[in-house]
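Take a look at the structure below.
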Amino acid sequence: MVYYISFILIGIGIYGILTQKNLFKFLVSLTIIDTAINIFIISLGYIEGKDVPIYSKYTPVANFVDPLPQALVLTAIVIGVGTLALGASLLVRVYEKYETLEVEEIAVKEARK
Amino acid sequence: MTIATIFVGILMIISAIYAIEAKKMLDSFISLSLLSLLSVFLFVIMKAPDVAITEASVGAGLTTAVLILALRRIGGDEE
Amino acid sequence: MRRVFALLISLGLILFFVNSLSILPEYGNVELSKVSNAYINKSVNGNNEKVKFGESKDLEDGAANVVTSIVVDYRSFDTLGEVTVLFTSALGVGLILHGFKRKTYGRLPNFILRVSVGILLPLILLFGVYVFVHGHLTPGGGFPGGTIIAAGILLLYLSNEEFDLSKTSKFVESYAGSLYIVVGLVGLAIGGVFLINFLPTGVVGDLFSAGIVPIVYILIGFKVGAELSGVIADLYREG
Amino acid sequence: MISITNLILVFLFGSLISYLLTKANKVLGSIFNFLLTAYALYFLWNIEVGRSEKLFNIFSNVQGSLTVTNLGKFFSLVSFLVLAFVAFFVIDWIRFKPRSYAAFNAFYLLMAGGSLGVFFANDLITLYVFWEIAVLASFLIIPMGDESSKKAAVTYAVMSALGSYMYLFAAFSILNRYGVISFKEVSINLLNEASIGYKWFVILFIAAAGIVKSGIFPLHTWLRKAYGGSPDAFTAAFSGQLSKLGSYVLAISLAVFPTVKMFSPLYQGVPTLNYILIWLGNISIILGTFMAIRQNDMKQLIAYSSVANGGYILVGLATLDSIGFAGGLFHVFNHAIISVMVFLSFAVVILRTGTSKIDEMGGLIWRMPMTFVTYLVGIISLAGIPPTSGFISKWMIFNTLVRHGMFVTAAIAFIGSVGSFLYVFRPLAGVFLGQLKKKHYDLKEASIIMLIPMLLMVALTVLLGVYPKPILDLIVSVETELGIKPLEHAGTIIKTPLGSWNTITVFIMFAVGFIIAFILYLLFPKAKKVELTNQYTGGEFLYNYDLYHYATGFYRFIERLYDKHPSFEKLYEMIGVFFKSIGDFVTGLIYKPSPSGYIFWISIVILILYWVRW
Amino acid sequence: MTALLIAIPLLTAFLFVPFKEKAKFILPIIVLINIVLLFNLSINSVEAMGGWKAPFGIVLVLDSASFYTLLVVNIIFLIISLIPQITENGFSILLLILLASTNGLILTGDIFNSFVFLEITAAAAYIIASLKKNYYGAYKYLIVGSIAGGFYLLGAIYSYVGTGSLNFADISLNLNSSFLPFVSLMLFIGLAVETKILPLAGWVPDVYASGSPLTPAILGTGVTFTMMYLLGRIFITIFNGYFLDVLYIFGLLTLILAEIAAFRQEKLLKALAFSSIAQAGLVLSTISLNTYDAIKAGYFHLLNDATAKIILFVIAATVVGNFMKNKTAGISFSIASFSLIGFPIFAGFRSKLLILQSSFEKGDYLLPTVLLFSTIIEAAYLLKWNVRLWHNENEETKQIPWNIVLITLILALLIIFIGIFPDLYLKVSENITDGLMNYKAYVTTVLGGM
C-alpha cells in the first residue's frame, strides 16, 4: 500500500518539475521526491507485527523491523536538507541576478546577455 | 491500520499536488510541511521512530524554515 | 499540452515503479536481511547469544537503539560522509551568499516573540541536548537534536536583529567535526582500524554504554546544530 | 651516411633549431633550412635502394619500419628538389615577412621531415604517422598567409582529415584481417583475398587519402582557398611537394597493391576500379581547367590548374600501363617543378606589387623580365609544349590513352590541354604584358637570391625536355620494382608501340622555329608603346582605369558558359551549413533553459530503456 | 590506514573552516601527504571501517584499479592546487572536501557509502559550479544532480532488497537476477548525469562555460575520472558486463551528437564543454566493449583527455585576446588540442590507435566509423579555434601568471612524451583494467573467501 503512495508521490514530484516554471517549485518538487523515496525505503524494511528496533523494557529481546533502511533514510534525509539549503541559497542569488524566478524570463535575460 | 495508511496517503497526495500547484509560495511551503508531517505519521506506523523524529525536525521544521527564509530574502511572496 | 505530456511521462514513471513491484517483496512481509539480522543480534564479529535488554553486556556494540548502533557504529563511515554533506552545504551557503546585500525592513521583532523566546529557548536547547545524549537508547540522536538546537537559534535570530552567532557556530562546527575524525583516528591508533569502537560498551540500555556511540552522537549533535544554525544565519543575515 | 631515421629526427629537431635561429636572424635560419634540405637532397640521390630500418613499436606486436624503394626514392627526390629550391628562395623572401617568420621556417622543416618519412614508410600505419605530421605542419603554415587563409586552413585540415581517416580505417581493417601492415605482405594477402567487396573497400579507402591530397574531383574544393591564401613562397612547396604526397599514396594504392592482378580487367586490361579512378581524374581535368579560366586571382587560377594536373597524374598512374604509368610519374616531376616556377614568380610579383589580382597589374615585363621568363617557361611546360619536359609526360599519357582505346578520356585530356592555354594566358597577358600601371613604375626585379632557384628550374625543365634520361632511368627502376613492364627508352628516344619519339629532333625543330620567329620579329616594324592612360572613349578621358583594363573580364566572351554551373564548393558549404543547423538542433535538444528539460530527458531515458529493453 | 586518505583531507577541511582563506596554502601539502601515503599502502588490501567485516560493515578496497585511479585523481588535484590563482577565496576548502569525497568514492566497497560520497562530490560540485556568478547554471545542475542522486539511492535500495546486503562484492555474488534490470537502470541514471552521458548532460555547457577556470579544470578531469572509474567498477566488476550494450549505444550517441553540438558553439568554453561530453561518450563506449584491450584503451584515452582538458580549460579561461602575446600558453593550448584531435606524436594519437585496434579486434566496425567521423568534426572546430586565437588582431591582452604557464607547459610536454613513450600511462590503464576485469579476485579479496 505504502509502495503506491510513494510511487505516486514520486510521479507528482516529476510532474511538478516538468510543468512548473517557478524556481521555488523545483525545490518543492525535489523535496516531495526525496520524501517519497524515504517513505519507500522505510516501507521496504517494514515487517508486519514486528516492533521498533530498540531494545527496551517493552522489547527486551529482538523482534524488530528491519533497522538498516531506517539508518539509511536518516542519512538520506540529512543529505536532502543539505541539498535543499544549497538550492535555496543559489536561488536567492539567481533572484538577485535576474530579479525574477520564472524560468522563461530568466531564459530571455540569459539570451539577451 | 490499513485504512489509516490509505487515508494518510490520500492526504499526502493531495497536499503534494497542492504544494506544486499553489499560486502563493508560502502556501506551497506550508503544504510541503504538512506533507512532511504526514510522512512522519507513516514512519511511526512503520515502526521507525528515529526516522520520524528526524523527519519531523529536519524535514518538516528545517526545510520549511530554510525555504521561508529564502523567500523572505528575495523580498517575500510576489503575486 | 505540456501538462498532458508531463502527466503521461509521470504516469509512465509510476508504471515503471509499479512494474518493479513484481520483484519486490509484498508490503509488510519483508524478510530480515542477513545484514540486519547480524546488526540486531550484534553478531557481526561472531556472537551467537541473543541480546537481552539490561542484561547483555560487553557486546560488540552496546547501543540499545539498533538504528543508532547502525548509524553511529556499524555504518559510522556513512555518517561521517553525511556530516560532510551537511558541512559542505553549510559552507556552500556561506560562500554563495557571501557579500549579498538585502533590503532591510527596519521593523522591530514582535514583542511576544522576544519574551517567549527568553522562556522557550533554554527549554528547546535542553530538549535538543537530551535528544542527542540519549540517542543510543531512545529514538532521536545527533541529527534531530542538532536540528532542535538550530531551531532554537532560529528563534533567537527572529527575536533579535542584532544577534550574530556565525563566528561561534563556525568554531563549534569546525571542532566538533574535527573531533569526530579524531575519534576515528584514535580508533585507528588503538585498534588499528578507522572509527573502531574502542571504548567499553557496557550494558545494553544504560546511559553510559555503547562505547563511542554517545560521544560521536554528541559531537554530531553539536556539529549539526552549529551547521544548521550557520545556514540559518547565512540565509537570515542582514546586509 | 646517416640512417634515414636519424635524418628524419634531424628534421624534426632541426625545426626547433630553425625556430631559434630565425628568431635571432631571419636570414640565418633560412640558410640553415636550405642547407638541411639540400643535404637531404644529396643524401637521397646517393641512397641505396632496399635499405631497411626499424623504427618504433606501434603496438606491442606490430613494428613500424622504413624501407627505401625505388618509388619512394623517386618521389622523395622530386620533393626535396622542390623543397631545397623553395628554401633557397625563402632566404631572401623571408626578409619581407613581418610576422611569424620563425614559425614558418620551423614548420617548413617539420613538413619536410614528415614527408621524408611518408616516402620511406614500409607499412600503412607508419605512413599515416608521418603523413599526419606533414599535414599538421602544412596546416600550421597556411594561416600565416592573407585573411582568407584562416578559413582555408581549417577547410584544408578537415578535408585532409576526411581522407586520412578513411585511409586509417582501411589500414586498421587490414591489420585486423591479416595481422600484417607492411606493403609487401598486405599485397600478398590482398592477392589471395576472395572477397571482391573487401578489396574494393581497401583500395578505395586508401586511395581516398591521395585523392584528397592531390585535389582529385569530389574532394578538391579545399585547394583553391588553401593555395590562394597560404604564404606565397609556401604555395610553391605546397603545390610542388605536398600534393605529391597524394600522388604517392595513389601510386601505392594502385600499383604497390597490384590492382591489375587483384581485379579482372574491364576493358583493355584496365579493371573497373582503375577505370573509375581514371574518370575521377578526367573530371578533375575538365573541372580544373574550366574553373581556372575564370579566376581573377592568379594564385587561385594556378590552384585550379593543380587540380587538372593532379587529374593527369591520376589518369597516368591508374592505367598501370608501362608508358602511362611512366607518364604519370614523369608528370609528378614536371608538375612539381612547374609549380615551383609559377608560384615563385607569383611570389615575387606579389611581394613587389602587394596584390594577387590579375586586373590590378599589367606590363610587369618591363620591370621584372626574369620573373616573366620563369613564368613563361613554366606555363609552356604546363601547357605541354615542347621543348619543355612538360610535353613529354603529357605525350606519354595521351599515347597510352589512345593506345588503350579510351577515346573519350583522351579527348577530355586534349580538351584540358587546350584549355590550359586559355588559362595560363590570362596571367601572362594580365600581369606581365600590356601597359604598366603608374603605381608600378618604380618596381624592381627580384633579387639575385630569389632569381637563382627560379632560373635554375627554367634550365632544368628545358634540359630535361631535351635530355630526359635521368628521370626516365629512375622511372624504369620504379616500374621494374612494381612489376610493370618497364618503359623502353634510349636516352633521348622514347619507344612506344605507336612509334618512338626523339626529344633532340623536336628541340631542334622548335629551336629553328624560334629563330625564324625572332628574325621576323626583328624584321617587321615594332608596335607602338602606349601608356595605360593614353586612351579615351567617346571623347571622354578615363578616370577609372581599372575598369577599362583589358584584364578585367578577360574571358568575358565565355563567361556565359559558367552561368549556373553546379559547384562542389557550394555543396560542401551546404553540408557545412547543414551540420551547423544539426548542431543547433542538437544543442537545443541537450541544452535547456530550464531544469524541466533535463528531468524530461531522465524520465524519457528511463521509459525508453525500460519499455524497449525489457 | 587506507581511511587516512579520506580522513586527512576531511580533517583539514574541518579545521580550516574558521580561516578559509588560509586553506589554499595547506591544500598542496595535504595532497602531497595523500600521495606519499598512497605509495605506502599495500595493494589488494581491504580495510573494514570500524572493524566490521565485509558484507556487514563498510569496507575500503584498495586493489590495483582503485590504487591507480587514486593516484591519477590525486595528481590532478595536486596540479590544480599548484595554481591557486584559479581558485577563489575560500574555495580551496571545497577542493579538500572534493578530494576526500573522490578518494572515498574510489575506495569504497559499499553501494550506499558510494551514494553518500557521490552526494558530497555533487554538493561540492554545485558550489564550485556557482563560481563567476553562474548561479543559474549551478541551480540547474543541482536539480538534475539531486534527481539523479535519488535514482542512484533507489538503485542502491533495490540492490539491498535483492541481495540483503549493500556490499559491492556481495551484490555481484548474490544479486537476484530479476533485480538486475532495475538496479542497473537506476544506477545508470544516477551515474550518467555525472559522467556526462548525453541526453542527461545538458548541465555541462552551462557549468563548464561559466568562465571560471577552476570549474571545468576539476570537474572535467578529476571528478569525471572518478565517475568513470565508478561506472567501470559497477558495470564491469559488479554486474560483470550486464547492461554494457546500452552503455555502448549511449556512448556512441553522446560522441557524435556532442561533437556536432560543439561544432556549432560560438564560445570557446562551450565548445570545449561539449567536447568534454563527447570524449566521455567515447570512453564510455570503448570500455563497454568489455575486452581487456578495449577497457585499457578507454582508460588510456581518459587519461590523455584529462591531461589535455586541464590545459585547454585553464588556458581558455585565463587567456584573453590572442596567443601572440602569450606564446607559451598558446603553444600548450595548441599541443593539447592536437592531442585531442589525435595527430601523431601527441598522446591522443596513441589512444585513438588503441581504441581503433581494440574495437576492430572485437569485430566492431561501428565505433571506429563513428570515432573517425566525429574526429573530423572535432578537428574542424578545434583547429578553427586555434587559428582564430593565434591569428586574430585582438590587442586586448593580459599576461597570465607564470605558474599557470609553467604547469600547462609541463603538461603539454607530458602529452608529447606520452605520445612517444606511452608506457607510463599504459601501465596505469593496464592496472586499472586488471583491477576492474578481475571480478573473482575482487570478490575474494573483499569477502575473504566466502
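In this document, chain identifiers A, B, C, D and E correspond to the written order of the chains, with residue numbering beginning at 1 in each.
The working rule: contacts are C-beta pairs under 8 Å (C-beta built on N, C-alpha and C of every residue); 3 or more make two chains touch, one makes a residue touch a chain.
Keep in mind that what you see is a predicted model, and the values were worked out from it rather than measured.
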Between chain B and chain E, the fewest steps along chains that touch one another: 2
Intersection of the contact lists for chain B and chain C: A
Joint neighbours of chain C and chain A, given as chain labels: B, D, E
Result of counting contacting C-beta pairs for C-E and A-E, higher pair: C-E
Central subunit by CA centre of mass proxy: E
Centroid spacing, where centroids are CA-atom means, of chain C and chain D in whole angstrom: 74
Separation of chain A from chain B, taking each centre as the mean of its C-alpha atoms, in whole Å: 10
Centre distance in Å when chain D and chain E are each reduced to the mean of their C-alpha atoms: 44
CA centroid of chain A to CA centroid of chain D, Å: 67
Residue numbers of chain A (touch at least two other chains): 1-2, 4, 8, 12, 14-15, 17-20, 26, 43-46, 52-54, 64, 68, 70, 72, 74-75, 77-83, 85-86, 88-93, 96, 106, 110
Residues of chain D touching at least two other chains: 594-595, 599-600, 603-604, 606, 610
Contacts with two or more other chains, residues of chain E listed in rising order: 112, 116, 119, 123, 126-127, 130, 135, 139, 143, 147, 160-161, 166
Chain pairs in mutual contact under the definition given at the outset: A-B, A-C, A-D, A-E, B-C, C-D, C-E, D-E
Complex contact set, residues of chain D against chain C: 600, 603-604, 606-607, 610-611
Interface residues, chain A side, partner chain B - complex: 1-2, 4-5, 8-9, 12-13, 15-16, 19-20, 22, 24-25, 27-29, 31-32, 35, 38-39, 42-43, 45-46, 50-54, 64-65, 70, 73-74, 77-78, 80-81, 84-85, 88-89, 91-92, 95-96, 101
Chain E residues within the chain D interface of the complex: 139-140, 143-144, 147-148, 151, 181, 185, 188-189, 192-193, 198-203, 205-206, 246, 257-258, 260-265, 324, 338, 341, 343-345, 349, 353-354, 356-357, 360-361, 365, 368-369, 372-373, 375-377, 379-380, 383-384, 387-388, 390-391
Partner chain E, residues of chain A touching it in the complex: 17, 23, 26, 30, 33-34, 37, 40-41, 44, 68-69, 72, 75-76, 79-80, 82-83, 86-87, 90-91, 93-94, 97-98, 106, 110
Complex contact set, residues of chain A against chain D: 14, 17-21, 26, 103-104, 106-107, 110
